[in-house]
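Look for chain A in each of the two complexes below; its partner is chain B in the first and chain C in the second.
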Partner chain A sequence: MSRIWRSRELLVFLLLILLVLVVGLINPNFWRARSLMHILNSSLILILVSIGEMFVILTRGIDVSVGAILGLSAVILGVALNAGVALPLAVLLALAVSVLAGMVNAVGITFLRVPPIIMTLGTLGVYRGLMLIITGGSWIETIPTSIKFFANWHILGVRFFIWVTLVIVIFTALLLRRFKKARYLYAVGDNEEGARLMDIPVRKTLFTAYTLAGLFAGIAAIIFVAQIGFVPMQAGNGQELRAIAADVLGGVNLTGGVGTPLSALVGAIFLTAVDSALVFVKVPGYWNNAVGGAILLAAVYLDYRVRRAVAAQQRQARAAVRKENNHLNPSTREEQA
Partner chain B sequence: MKAHVLKWMKTWEFGLAVLLVLEILVLGAINPTFLNLENLLYSTSDFTHILLAALPLTLIIITAGIDISGVSIMGLASITLGLTWVAGVNIFIAMFIALGVGILAGMFNGAFVAATDVNPLVITLGSLFMFAGVAMGLPGLLDALGFKAYGAAGFAAYMYEGISGLPHSFNQIAHGGIGWAPYPLLIVLVFAAFLGVILHKTRFGRYLYLIGVNPDAARYSNVPVKSTLITVYALSGLGAALAGVVLTSYFTSARSDLGKEALLSIITVVVLGGADIYGGKGTIVGTLLAGFLIGFLRQGLLAMGVTSDVVPVVVGALLILVVALKLFVAAYNQRRLNQKALKMSEARR
Partner chain C sequence: MAKPATPSPDHYDPQSDKTPLVELKNIWKVFAGVPVLKGINLNLRPGEIHALLGGNGSGKSTTMKILSGVYIPERGDIFIDGQRRVFHSPNEAHKSGIYMVPQEPHIFPHLSVEENLLLGLDIDVGEAREKITRLAQEIGFESGLSEEAGSLSIANQQLLEIIRGLLRNAQILILDEPTSALTFREVEHLFNRMRTLSQRGIGIFFISHRLNEVMDISHRISVLREGRIVLAAPTSELNSQKLVRAMLPEDADVREVERRARSAQSREASEVALDVQHLSSDAFQDVSFQVRAGEVVGLAGLVGAGRTEVAEAVVGLDPHARGRVFIKGQDVKKPDARRSQSLGLVYVPEDRHAHGIFLDLPSLYTMTATILDRLGRYLISRKQEEVVGDSYREQLSIRMNSLYQIARTLSGGNQQKVVLAKALASKPDVIILDEPTRGVDASARQDVYHLIHRLAEQGVGILLISSELEEIVDLSDRILVMYQGRIIQETQRADISLQKIMAAAFGLQGEASL
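What follows is the complex of A and B.
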């Protein structure tokens, strides 16, 4: 239980509540259920991309191509729908492309052993280029309304996609807690060599992580198309950096092995809430990035100070114990001398 | 002497130089105007900003760090330049103020990296957003404070087209030159020479490699790790600011979003130049050659009628291919060495 209280997720969640309270004091409209629901609804895409990115960061990797995969899948979905492909089939096609894109990253990283940042930086260019080639550089507008319906479909007063995302978050959170093979992600990220010695299939685990990152970007792409109703060429642009920021903010550690889907969830909602909050306190929208970046830096700095303080405390405790032992048992001191 | 030449011919830089010559010849065979030296030199102005950011980034990558905030510092420097000029400061003094802002931004990154154990990627990701946000917000803030940063067309027009109408003498920076050599190319070469001397001829340069290979060993051998890191990130900020100034002159207007698209190309150039993302390896010559290689490739593809959409596909694929090939060659050499050692030990037995 004490672990939960010390967790970064909770810290950011409390900060989120503080943010909502303070902004609400300045502009009470922010407290309305509608505004809060709106924030949740507009953070869905980032939540999903961040969870996908989290799988990769857990293994101590990084994937900067997820934004481009989002864009590519969105384009595939848009083109397929406009070509008259049935909605379920078009969605499946878009997801297949995103999985394939993730697998290309995985092949490069696990079999060719290209460093993850290089591999995904390369495919970032490739996927974004493909997206432009497919559309000829023009936006995909006039997307059939069949898919837009889902964005406005309410179940029990809550939007359909919020339910979908919620289910995905809970499912992945349970999976990562209870499912042994999912725990491999943590083992590989924490100590790759150790994991190999323990007979954990490192390559397969890494492969799965990058493939999942692709899949989640694909799911985000479907929500993107449904919510926006068209596909601009900037779709997903810079989303990879926001996803990494959301993960880190929520407590996913870039050195691997630490983090949960809740980190991604809380981090993504927080970043989106900051954007909305600025609107409510009448700060112009172009300050969003400055505030988001400053919050990220403040969070990692705070985290560093806390970690150091905890480490110092533990060291002191150990030293105290040793001193006491020496005091009780002078013979050991003589032995040491 | 002969052994020396042979050794040099095995280096990565030599391979890049050969590739560069081949590339120019192939592109020239397809389109003869490409072989016109004057054209070739002037076409470098399209990508000098990438080199200006990539050259000092090489030093950071040698220390096993990374700085992705340079693309934001370009915009920040550009808008600083524009705003100080509008405030009535001489354009060249404004230029130095912009460069100073770049150095300060870099020092901020460096101090953060030196003071904590947080991954430089996270730190510069945070500052990437922060600097870009400040660059975007600054004109609006000044406008709200009653400082008019724009011309007769109004604030909305300014937000669209940036601060234009800069003096002709300033615009000459990107469009003028000495003889056949355009100023931006000369700036790149001087900057590269400066960084090359720092990296390869000074103790500071040796420290960079040591920090990249083993930061703990560096600390224990009394290397001033903190000040070295701050300096090297400050140099990266300076390079990005220089790139921002050159871009401002190139587009003849100061904008806060200049250089936003350059990140992929910048890192590609450094890695293609032979720097190891895990630290300890890299040269200025390598980055310089790789910059020209990628830059001319882009030019050549565009001249051949390939649309600009295809260019990132080629550059991205090239990046992956080169790194994969390099790893393969390294693994092959290692294997050969192992087999050789095995044979020798067997013979001795």
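What follows is the complex of A and C.
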């Protein structure tokens, strides 16, 4: 059972290939490298947000404000650039705001002990509100082209941001595998009480997770602004739910303790590929949400079934222990006679 | 000292006067104003396996939680190697060499064995790995280090916990009922490991409810009752009978006489209200019994013996239960709580907050929850509802400002009465009461006892589950004792005695001549 579970990323990856094959049969244009590259390029934002969300879900938490953080950071970046702030400084500013936004969530959850869903639902509103307050409700346009350059910059024929994302995925994957303290994320989500008894700094670990979720939404915001070139007020809208869906699809367990950045990567690419596939098989764009939602449902249901199967297995194992006991354990009557 | 050492096959000599590894002096602990430990004195010598014995709520676990830094005592001192220590957290206890292996091992199911062991430990990985391999060999831990910890058997999870403690250089291990989830063979294995550790000079506190195991493995036994140590002696000087006697309340004999003085009515003739045949599920096997109309049948046993699980299966809350249940001769067929209730069986669960009461609604709404269909055709008739409420308020002397007082604001005893009112409102023929007096004050407790008597007089069959043996012995016409998922003893009213029930609850049978 656990082996299948561990290769969940592989399973989704195979599904992804199947999807590409089937859609390609209907419309061979889908098979072109250009199309596939396009899918990858449009999934970058979701990949990053999903990795951020993954840190939180690993600890058995949830963060529904990451979409709003993305939007807020994008607004900060846009406003800063339009105000003539130098590009590197504007980027740093946007990242700082995203980290700060994540830390606000972290403070509420770890120190004020507000349940994660309530805390982040609250800040979702606050951050979206801040976007409107800062901009007065209008889109940010006429952003200097200096940032758009990066979106179209190709290195070895592959877009710059794809390289960036790839490096980030590999880096976080290695970090989670090798770095001692990264294991705390898994431990806290797996068995919080046990972690406390082992003297693992539970609060610090949770704090880090929500802060990282903010940071990754901020990185995603930079790619967002570079790719689109303007900031609509809906920037990042619904991105949190897509990120959760991507994580769960890729094998991040909502009950904590299980998942890797690869899960987020594969899940995010799959969801984006579905969107593109719908275009290629000429399903109107307004189907996207419905299909995305259906896939999320299927993923969550699958997650639930797997957990139930595991629980049933453990139940049977326990029953087997008792049965063996009754066979082997000579009845107390004989022993005490 | 001057005492000659008795020849023992064991290396450990309980009379030795080595300095204790740990010494607890006059420990007091109070929960919500109620003292649960009243001056515990306890020590553990190097290499000693010291068993702690006692009924539910006697204070064993609380004592061990104080030693391992989970609770802080109100009064008393802890000495480690002769030096006074105060623990504010489990980690501080770890640093003093104390490690507690809880009943349910605190493992991280999705991490590997090695990750589980190294977590939170600040030592070099290479060095640690060497140490782990050595310890694993010594302890006889045969699972691979890269295996997922959640896939290990409970026995191996416990060994993993023990290794975790040894990695932290623990000198004092606390094993809290380690054998309750193990097979016979696994218990043997664990005991051998405990002997190895004991030879290395590690002291072990061992909590168990199985007297034969305690007699088998321990060097010394301390018996706790009501927060005091009532017996402490080397195992070689003790036997099961002495242990059971120590666990009984002091006035047991007096109560016995009083109880017998009351007239015992025979219910043999009345009709069978509840008939359970060969019921089995995960937590219990082959349970059969009958409850007659007007009879109070006690279901005794220790926590975890399977009593609540049986009750839940009887009323149809356990979809995995196999066996047959007849209510007034009607076959319930498959588990179905709704059908059981319509046939006249109600269950008053142990955890009333979780299963029995609407805490944030007017108390009246709980009382009438199961009989709404009788309170008006389409809409609820407020008048009829209040009539029902008032009648039970009076019958059970429920103290509340009004029928609409929010249930949460009632005292525990009155909440329990509200739950009982709900159960009675459906006019049951059989009622299962699971720990009806838990968390209930003394006067409400008497009210509950009166109610049980009155219901029995009215011909209701009652199955009474309680961890308080005195309560069960006082109220029951007949007592079934469960031990490890089986009914191991059935005692008729005339033969009921506290000692007999206590002995059976601890797995001893046929010892009427205690």
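Just so it is clear, the second predicted complex is superposed on the first by the 292 of 337 C-alpha atoms of A that agree within 3 Å, B and C clash if a C-alpha of one lies under 4 Å from a C-alpha of the other, contacts with A are read in each partner's own complex, and residues count from 1 in each chain.
The rule is simple: a contact is a pair of C-beta atoms (placed from the backbone, for glycine too) under 8 Å apart; a residue touches a chain by one contact, two chains touch by 3 or more.
Since this is a predicted model, take the numbers as computed values, not measurements.
With both complexes superposed, B is the one of chain B and chain C in contact with more chain A residues. By the touch criterion stated above, A:R183 is placed in contact with chain C alone, chain B being left untouched. Of the two partner chains placed by the overlay, neither chain B nor chain C lies in contact with A:P88. Once chain A of one complex is fitted onto chain A of the other, the partner contacts of A:E193 are limited to chain C, with no touch recorded for chain B. Contacts of A:L241 after superposition: chain B is touched, whereas chain C is not reached.
When the two structures are aligned on the shared chain, A:V258 is found in touch with chain C, with no touch to chain B.
Common to the chain B and chain C contact sets on chain A is no residue at all. Residues of chain A touching chain B in their complex: 62, 108, 112-115, 117-119, 121-126, 128-130, 132-133, 137, 241, 244-245, 248, 254-255, 284, 286-294, 296-297, 300-301, 303-304.
Residue ranges on chain C touching chain A, taken from their complex, read 89-91, 94, 106-111, 115, 119-120, 148, 150-151, 153-154, 181-185, 212, 240, 282-283, 285, 483-485, 488, 507-511.
On the side of chain B, the complex with chain A involves touching residues 66, 112, 116-119, 121-123, 125-134, 136-137, 140, 264, 267-268, 271, 277-278, 307, 309-320, 323-324, 327-328.
Within the complex, the chain A residues that touch chain C are 2, 183-184, 186-187, 190-191, 193-200, 253, 257-258, 315, 317-319, 321-322, 324-326, 328-329, 332-333, 335-337.
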